[in-house]
Amino acid sequence: MIIILKPNSGDNEIKKVTSSLEGYKVSFHISKGQHTTIIGLVGDISAIDREMIETNPYVERVMTVSEPFKKSNRKFHPENTVISVCQREIGGKHLAIIAGPCSVESEEQIYSIAQSVKQSGAMFLRGGAFKPRTSPYAFQGLEAEGIRLLKLAREKTGLPIVTEIMSPKFVGLFEADVDIIQIGARNMQNFDLLKEVGRTKKPILLKRGLANTIEEWLMSAEYIMAGGNPNVILCERGIRTFETYTRNTLDISAIPVIKKLSHLPVIVDPSHATGASWLVEPLAKAAVAAGADGVIIEVHNNPECALCDGPQSIKPEVFENIMKKLAVYAKAEGREL
Amino acid sequence: MIIILKPNSGDNEIKKVTSSLEGYKVSFHISKGQHTTIIGLVGDISAIDREMIETNPYVERVMTVSEPFKKSNRKFHPENTVISVCQREIGGKHLAIIAGPCSVESEEQIYSIAQSVKQSGAMFLRGGAFKPRTSPYAFQGLEAEGIRLLKLAREKTGLPIVTEIMSPKFVGLFEADVDIIQIGARNMQNFDLLKEVGRTKKPILLKRGLANTIEEWLMSAEYIMAGGNPNVILCERGIRTFETYTRNTLDISAIPVIKKLSHLPVIVDPSHATGASWLVEPLAKAAVAAGADGVIIEVHNNPECALCDGPQSIKPEVFENIMKKLAVYAKAEGREL
Amino acid sequence: MIIILKPNSGDNEIKKVTSSLEGYKVSFHISKGQHTTIIGLVGDISAIDREMIETNPYVERVMTVSEPFKKSNRKFHPENTVISVCQREIGGKHLAIIAGPCSVESEEQIYSIAQSVKQSGAMFLRGGAFKPRTSPYAFQGLEAEGIRLLKLAREKTGLPIVTEIMSPKFVGLFEADVDIIQIGARNMQNFDLLKEVGRTKKPILLKRGLANTIEEWLMSAEYIMAGGNPNVILCERGIRTFETYTRNTLDISAIPVIKKLSHLPVIVDPSHATGASWLVEPLAKAAVAAGADGVIIEVHNNPECALCDGPQSIKPEVFENIMKKLAVYAKAEGREL
Amino acid sequence: MIIILKPNSGDNEIKKVTSSLEGYKVSFHISKGQHTTIIGLVGDISAIDREMIETNPYVERVMTVSEPFKKSNRKFHPENTVISVCQREIGGKHLAIIAGPCSVESEEQIYSIAQSVKQSGAMFLRGGAFKPRTSPYAFQGLEAEGIRLLKLAREKTGLPIVTEIMSPKFVGLFEADVDIIQIGARNMQNFDLLKEVGRTKKPILLKRGLANTIEEWLMSAEYIMAGGNPNVILCERGIRTFETYTRNTLDISAIPVIKKLSHLPVIVDPSHATGASWLVEPLAKAAVAAGADGVIIEVHNNPECALCDGPQSIKPEVFENIMKKLAVYAKAEGREL
């Protein structure tokens, strides 16, 4: 941690700042420049609140040098984390392909889609039961009934199921019934929910928030891990920018950046990142080329009648075709579908 | 609602689109241009899902003309909403001044601040009991004990209390003990929480999300109002942009825009918008000049030792000075403190 | 300047970094932490390229402590700069009110508007002769003929004229004929143009770029000042964000921030910041309340027929009304119209 | 074009709006809804200024349906444009690989890099002679001498040269000496410069502005094409967002979007998009996977001593390795290096 003092600070001001930090196990390195004096703090700074120092009247600015995330940090855990889900692995050699409809709509619908994505090679079935919708007047999902239908589809196809949780009160239900619990973009900083799922051991698919930095995203993973659950899968799904042609802007750089900063697996959601079905294929390929550990793709047997997010869903035959192409890219990266 | 067909669409394509909408009480107005054919939908379109139409293979784009928010829309409720809280009004002639520390830290602290902000003219006391923090390792607030201390301060000073809720499981506690329930920026689209507070009749202070549009913000108000609670106070607190000099960018235009689109009261939080105490005064004045119904300001008797958000807190004597200046601006706008 | 070394760097790595900087007049302060080693550079670092150091294989990151702008920096020039233009001052006690149409369209139009804004109290006349338009098919301004008409209006009303330059090849023409040369937002980093106007002594109205930080904006002022022209007036005109309800987002915080960082005058353009005439009044008032040295407002005698930017222009009678209100706010700030 | 009238507009208001458009060759389609009345304009609307209509007091909003770009629009030119440069093609089966240093520094430097990138398979040599720098105190490039050195390197290696123009006054020099003229991100809306290069027949590499939409980017291409020069190559180089870990955010979706909207070739600059050499490889691969027609990569024989942009430059041996990997991805896309 580096403390920059206000211009024309002297020994007196330096002392007032360092004495305010006396209780901590740190040593101070003073650098006096012509215009600027800097105090470097060395030692265990994890308990020091940067903002408290910034209110000191002699302090101009505080810069932090070390990353605030610990358990998710690759520096302290150099090997990749590989997460096991029902005899499948996420973060290992196989790419995790998760596919399914935006919303579970009926037994026939979810079963039919599950079967077809399985045939094309998907390893996991996704489907929304509780749906976050901008409007209170829009379809909110089948809720608990949706979970029941997902379980039926799992029973018939063997595909583990991935679905989004929206409230801490359902953590018990999800823990019992669901294989991967998804935290949606809008809840990435719903800290209460993060703490609750941190108490389980279930794999958590943590989507990046619409306007959250990579560091904040890793701090949200840290919430789950600090609670005792190391099984976090990160999912880049586009950020909000000034560009309105696509619904969001897929931050493709986030893939290699996460791989450098963290040991956690990271996958990409090209469907939500753009909101357009014709962009799923090029972005899924780009994700694999950039080093993603998998993709999550919306597939619907009848996108024109989908109860939500139709425009970004693709048909099973399109999905099959994308899978064939992804296999080539996976191989180029030394991986497999 | 306006449906733009793909280039070179003919009568056949038009018919396929209109026939897919046969069940709805709408009429169609067809405009055939040289390159573009447009179908205008007139009638009750509230039940039609725009995205479903967009998946139609003959459709290029759908544009919506009417605003998706109803109960919060000024078109259907032309007069300003004035919300009563313990014999005080928000949205009327008096500006609502809410002040207090980021976090409740002790009985002495909250009582001392409450007393001094009351003397300077504040009408409401704010203080965080449950704190949303980016890091799981940071101070998370005194929680239920913080609420107890706020109640003590209210008892002694008579100031109604405003504090943030983070989980649906505490709605009962807040309903019983708190005068205005705050929904923080990170929970603006925590739809489950919005629904829960919509079941109460308590005034809700709804902060704008970091990266949420004005329309999405009004849709979140709509969630609360659709649940039966009309008492929503909007709070602009800065949005996330590329500029990093200030913590966020205060969207001052949002004040007059909200006043045009909605009948709900809107206040401004200059402390969180910038993260810097020296910016509180100019932005509080700008907020009043732009037509805000009040401001919420962080005040701490000892900002250097505040357990969180110290840099943006001001001292009671600075607050008193700001209040004197705001009085002049209030008068210029035909209002009072 | 602070150099953070890669984890596990030892004396050998420190030496390799410091020896690469041997030619410079700097001293080094080494801080070795458990995980991180930091080298603080003290002395004259103006000639050291931060990016060169970052390529050193032992370096993780470089942080700069001091601000890169010199001539525009308040630290080295504590008093406000006041710029004289034809017996008027910008940056002093009087607020600078600049008004006029987006484009000069005809002699009658510019003269009529000039007369009416003068009567309402405007001190400067603005009007576009060379117009930056997104589309090559849109009206590009009357060009040199527009300058001629502005001069006629100045002759009749005595108002100094402000107009935008788009190409270095017209610097001579503008130097001879125009009182304040405007650099538009799209040219804020047209460094060639900045250098050219830096060779004149004319006051330069430098608009902030759509997506430029406050620091970059001051660096563009620095280009002009480094060329020998100290007469720079900054103009905040809205930045590009995700919010689409307004054309841009007025960054009201930029006013007090500029006042802290720099001694240069700063004004606000509420017309371009929002693109909506009904937002001009509240934002002009907010600008004055936040400490701006003036405003620039689009006024047109017939906005419905304006050849460009009609929606954001106001009529002369609306302008007169705004001026009356601004007088109250100016007084509250200890200033005058 | 669709005109939405203010609420409660009747026949009288409709007439006032339509009669204001009498001079144009358009027909009107009126749709009266319960709350909203819409006028659809069909015919040749290219000469109608949307903003003029928006100032009509009866009009709430105007929506444009057709795209404002014509010559760059794929609708009117369905086949891909392939641009010939010195017996090489850009936009055809071969991917265009452009490589070289940020700045030309000396004859030895540019020749040595040119030779090594040629051996690795690069088809074009890039190198900055005139450099846009945020600071007036930073190295501004060798200018005309840099062009001379590029020509020497071309003579020896046969590689066509690509370099950035910053001022209209050098168009003649660039036309004579350079093979592809680059317009940098900061000059994307320097309309004067666009017009000048539009008068030549030289291929123009048009970089996307930091905060410009895809539509604005195509409109800037339109400026060049409207001037008579059809040879425009688009270059995505990252946009400015709230994320600060990377210098910019590469908008990978822009590649397939441009391919849909336009017939022009589009390439990607992974070096400037991120500002980090270790991100060049994953992003170059992602670009090819997403359908880009090429990449432009910064290569320096001694990045630690580069006079600018060192951190994002890679060494020749790294470049060679990237080229081998790109060949695999090119093949997967049915293309060649």
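The letters A, B, C and D name the chains in turn, as written, and every chain counts its residues from 1.
By our rule, a contact is a pair of C-beta atoms (placed from the backbone, for glycine too) under 8 Å apart; a residue touches a chain by one contact, two chains touch by 3 or more.
What you are looking at is a predicted structure, and each value in this text was computed from that prediction instead of being measured.
Undergrad: Could you compare the number of C-beta pairs in contact for B-D with that for A-D and name the larger?
TA: Most contacts of the two pairs: A-D.
Undergrad: With over half of the numbers shared counting as same, classify the chain C/chain D interface as same or different.
TA: Shared-number fraction above one half, so same.
Undergrad: Could you please state the distance in Å, as a whole number, between where the Cα atoms of chain A are centred and where those of chain D are centred?
TA: Taking the average C-alpha coordinate of chain A and of chain D, the gap between them is 31 Å.
Undergrad: Suppose each chain is reduced to the average of its Cα coordinates; what separation in Å results between chain C and chain D?
TA: 26
Undergrad: Can you give the whole-Å distance between the Cα centres of chain B and chain D?
TA: 39
Undergrad: On chain D, where are the residues touching two or more other chains?
TA: 211, 240-242, 244
Undergrad: Quick one: which bits of chain A touch chain D in the complex? Just the residue numbers, please.
TA: The touching residues are 211, 213-215, 239, 241-246, 249-257, 260, 273-274, 278-279, 282-283, 285-291, 325, 328-329, 332.
Undergrad: List the residues on chain A that touch chain C in their complex, please.
TA: 2, 4, 7, 29-36, 38, 40, 42-44, 61, 63, 65-66, 75, 211, 240-242, 244
Undergrad: Would you pull the chain D residues touching chain C in the complex into a rising list?
TA: Going by the criterion above, the answer is residues 20, 46, 49, 51-52, 54-57, 68, 132-139, 166-169, 186-187, 189-192, 195, 209-211, 216, 219, 222-223, 226-227, 240, 277, 303-311, 313.
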